[in-house]
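What follows is a single structure, written as structure tokens, with notes after it.
Letters A, B, C and D mark the chains as written, and numbering starts fresh at 1 in each.
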């Protein structure tokens, strides 16, 4: 039997994907991790379309989170870590927004967030964990009682109980499952049947996509189904969990996409500079987000020489010798 | 930096692997599924070495389980399904042993067993599930109170409670984690650094291995590390979770090993015949287990023509047109 | 003009007709494989078949004889594992339809695939619930294959492996199930469905040449016969596809009609 | 003869010396990467480095600048994801040693990487605990990098991101932790360890040329100085490997010594 599903109803522009599948107030799961495979094309389009009061959920996230927070479209975050490693150990706009009280933050650990997405993916209401006893991560709530139990926000941040299978009744932490409205994923390949293949580390993208009600996938290449079905062991998501596929070469720029390109140190360093100043950041948004209609215009602005500089070497998947200072 | 680990301390015969890593009374997780990737070489060696009172844990299992039960080395099983599909919808020796009261059985579902292994792999004490409310799978215990809480047997089969995050307090099932003594895995490839790669469906092998205290891997091929490290996305287990690696071509026979060989319908049909009769089964064990010193002798007994018959075609991973009646 | 066909052929085709285009089909092996394959070829081309072992949308050039058959992992869109498969089974986005078989069934579609007699020392032991308990718990809907016999259609199953409508009415939902429940029971004699209110089994259709009385005779509990229609016989197209494309070796269909 | 070296170099080498051959090292980026790489090259060749993102035993031909740097996924034995990484971190089979950094630390090795001031309206917001809370909970042992300053070594952290010995004594185990706890704190001045009984921090060693009093001056709580020894200075071999092989671009080492 031939492939059951055809991509043509799902292949669309970033503009259409955001218009149809991202609503004001949505809980949005960000795929990728700090400087890798951020769905930047969708992040910029969300800003362009002026979505509001978004609720971001993630483990550790960097560039997409920081620009969304900086653009003022985010009200709430649940996360473990906000930064881009050495380029910005704490996300610059994230830090400013939290310190100014412009966003509410609920802190969890990476394992805790991972387990919460896993529980969502497996359709379990909650999941136990043995991480963080007596830490403020468990003892202090970021979201106030006025938010608790509303919409997709769980009634409690976590519940400390004990293991009913153990005679010693050891303590155990119960964490509420996450079931976001939308997951934003950037992948290397999508097949013409809608199958998704992620190369390199998958982080928690697969669980995030499964936990979500809607899934937007941007990709470097759309490839014949036969290419992906020749070795299905390597594939990451089946077609029927994906709502929108957006073809977006260099779609994670300035973050990396394994086997395609490295992160862009010049852009990330430049971003750190401008993000530190409100006016400069407004100019950045004007130039790099509002001022570019689509990914083609964005890449033209990045310029060929910077794109070639970060192009990955096929043997290692990154750009060896890239000046990363 | 070069690979940290070298296989040479871990590469050994099946005889040594069983002698060193399988003890009487052990809880043993069987990798594979019904007619696929059963670690048959280890199963036969366990019988040869006369281990006793083993406790098998698995989701759905077929040939290795049935022959171990038939040889009388098993006292207890926790499983969801015991059979080999159309070849023996219920495992023949399994059925006989249960009906004769020779083994104790604790029934769970496949998802429940999967979640229990997952909890073991993630080092969680238990895991919730929403499967099986009011079924006898949850309402009836196979293991009596004299076994409960002893060794690796959990104090309770399952606990029905309610979701503390939900205002409606919906019911939820808590399942105890599984942490077997040993996991038996058959893989296509092991690298010279001990890295394991399983092709085709991985079933629950990875979680089973992670949940176990000791891991024995049999494999079709030992390959240079560079072969597996060129595309590490495809690898299944890191070297430091594996205790013994046994090179065993056709090591899953008469079950299948994707890309290497199909299941052997003639052997499975023959097995079904002999397993139905106690004397015939004793003869089978004498001929196919006790009478063959190792895998080389076993394969010689199977014979070249049957091995060639089931040899997989590389394009599909099985033997097209194989007579499977 | 009528064509000769076997009851296995009729069962596979009847179940196949219950599939809606786009359904995500959780198949075991045996008849369910035939039902899914034939539906996909005739009226449900966008349906996807997946297996609890983790194989999703396989090419199925040859029929698998077990859910771990290498044929469920060839030409798939994805090979994963059990946890992935079960996460799809219950996914709120998906209209998953599961095909199950069993040794016993009660008037509310609760089934037994574990044992006859005492659980601790059974008269007959079956393989166990496998993934059927999970499919019955989590799928959008369930279609059950049965041989219609008095000893299989019983007031109370010896062991409740997989829950149907439980005690009828609203009891399934009250027990904690969020969706699902059996849609139909397809037997060698006809099709049973479940009353929307009471959730008790009734005879929905007899196969051509089978009378409602004949079904009742082979059922161990009272069965409402008043709503019984007659199933359409297999069309030539259905039979051709089933015999030539789906199971040419008759590995599951078994002997051809005389 | 003494060699010139920077305090960053000394910190990386000092932490590296604490690694035992065969340890499974949970590394972040920055100094921890250097420590792991240098230990592996000198005395712990069978140690394996892995990252919370899922990269296990990467080739590390170039230094990663973040745990999601593509350099953590090149030449690995396995690329997986976060759940796999955290399942290794706490695995009972493995002696996992985690390297952590922080903004604040208290006398029992509890650390803060979340914020200064009020949590809801912080004076300074940091990235958050990331995987450090998990490493501190689950690893066999933890080594912490700190700048030794009064404002960083405090009686009470503003926010307890990752638990050390909690309130000392047996309190960590009583809280539910099965193993782990901080082994050492490596700073720009020396090495602090924790008393076996009280679990309170004490000065174990000063770097050459640093006095115990100087450490005390830069510590915001009472520190037992009576057990302080002196660290051996970097050997020529250590410095050569660190500078030529591990971080030739000085991406993390920063400016060379004068």
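As a convention for this text, a residue touches a chain if its C-beta (ideal position, glycine included) is under 8 Å from a C-beta of that chain, and two chains touch if they have at least 3 such contacts.
These figures come from a predicted structure and were not determined experimentally.
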Would you identify the chain whose Cα-based centre sits farthest away from the centre of chain A?
C
Looking at chain pairs B-C and A-C, which one is connected by more C-beta pairs in contact?
B-C
Could you grab the centroid distance between chain A and chain B? Build each centroid from C-alpha atoms only and quote it in angstrom.
37
So how far apart, in whole Å, are chain B and chain C when each is placed at the average of its C-alpha atoms?
28
Taking each chain's mean CA coordinate, chain B and chain D are separated, in whole Å, by 40
For chain A, write out the residues touching at least two other chains, lowest number first.
115, 122-123, 130, 170, 172, 200, 233
Residue numbers in chain C touching 2 or more other chains?
73, 75, 79, 83, 86, 90, 138
Select the category (line, ring, star, complete, other) that matches the graph of chains linked by touching.
other
Full set of chain pairs in contact is A-B, A-C, A-D, B-C, B-D
Would you mind writing out the residues of chain C in touch with chain B in their complex?
29-30, 52-55, 61-62, 64-75, 79-83, 86, 89-90, 114-115, 119-134, 137-138, 159-163, 166, 175-178, 249, 251-252
Please name which positions on chain D make contact with chain B in the complex.
24, 37, 40-41, 45-48, 50, 56-57, 59-60, 73, 75-79, 83, 86-88, 90-94, 138
Taking the complex as given, what residues does chain A use to touch chain B?
115, 119, 122-130, 149, 154-156, 159, 161, 163-167, 170, 172, 174, 176, 199-200, 233-234
Could you pull out which chain A residues touch chain C in their complex?
1, 3-5, 121-123, 191, 193, 195, 210, 213, 225, 228-229, 232-233, 235-241
For chain A, which residues are in contact with chain D within the complex?
32-36, 59-60, 62, 79-87, 89-91, 94-95, 98-99, 101, 107, 109-112, 114-115, 118, 130-137, 139-140, 142, 170-172, 200-207, 256, 258, 262-263, 312, 316-318, 320, 324-325
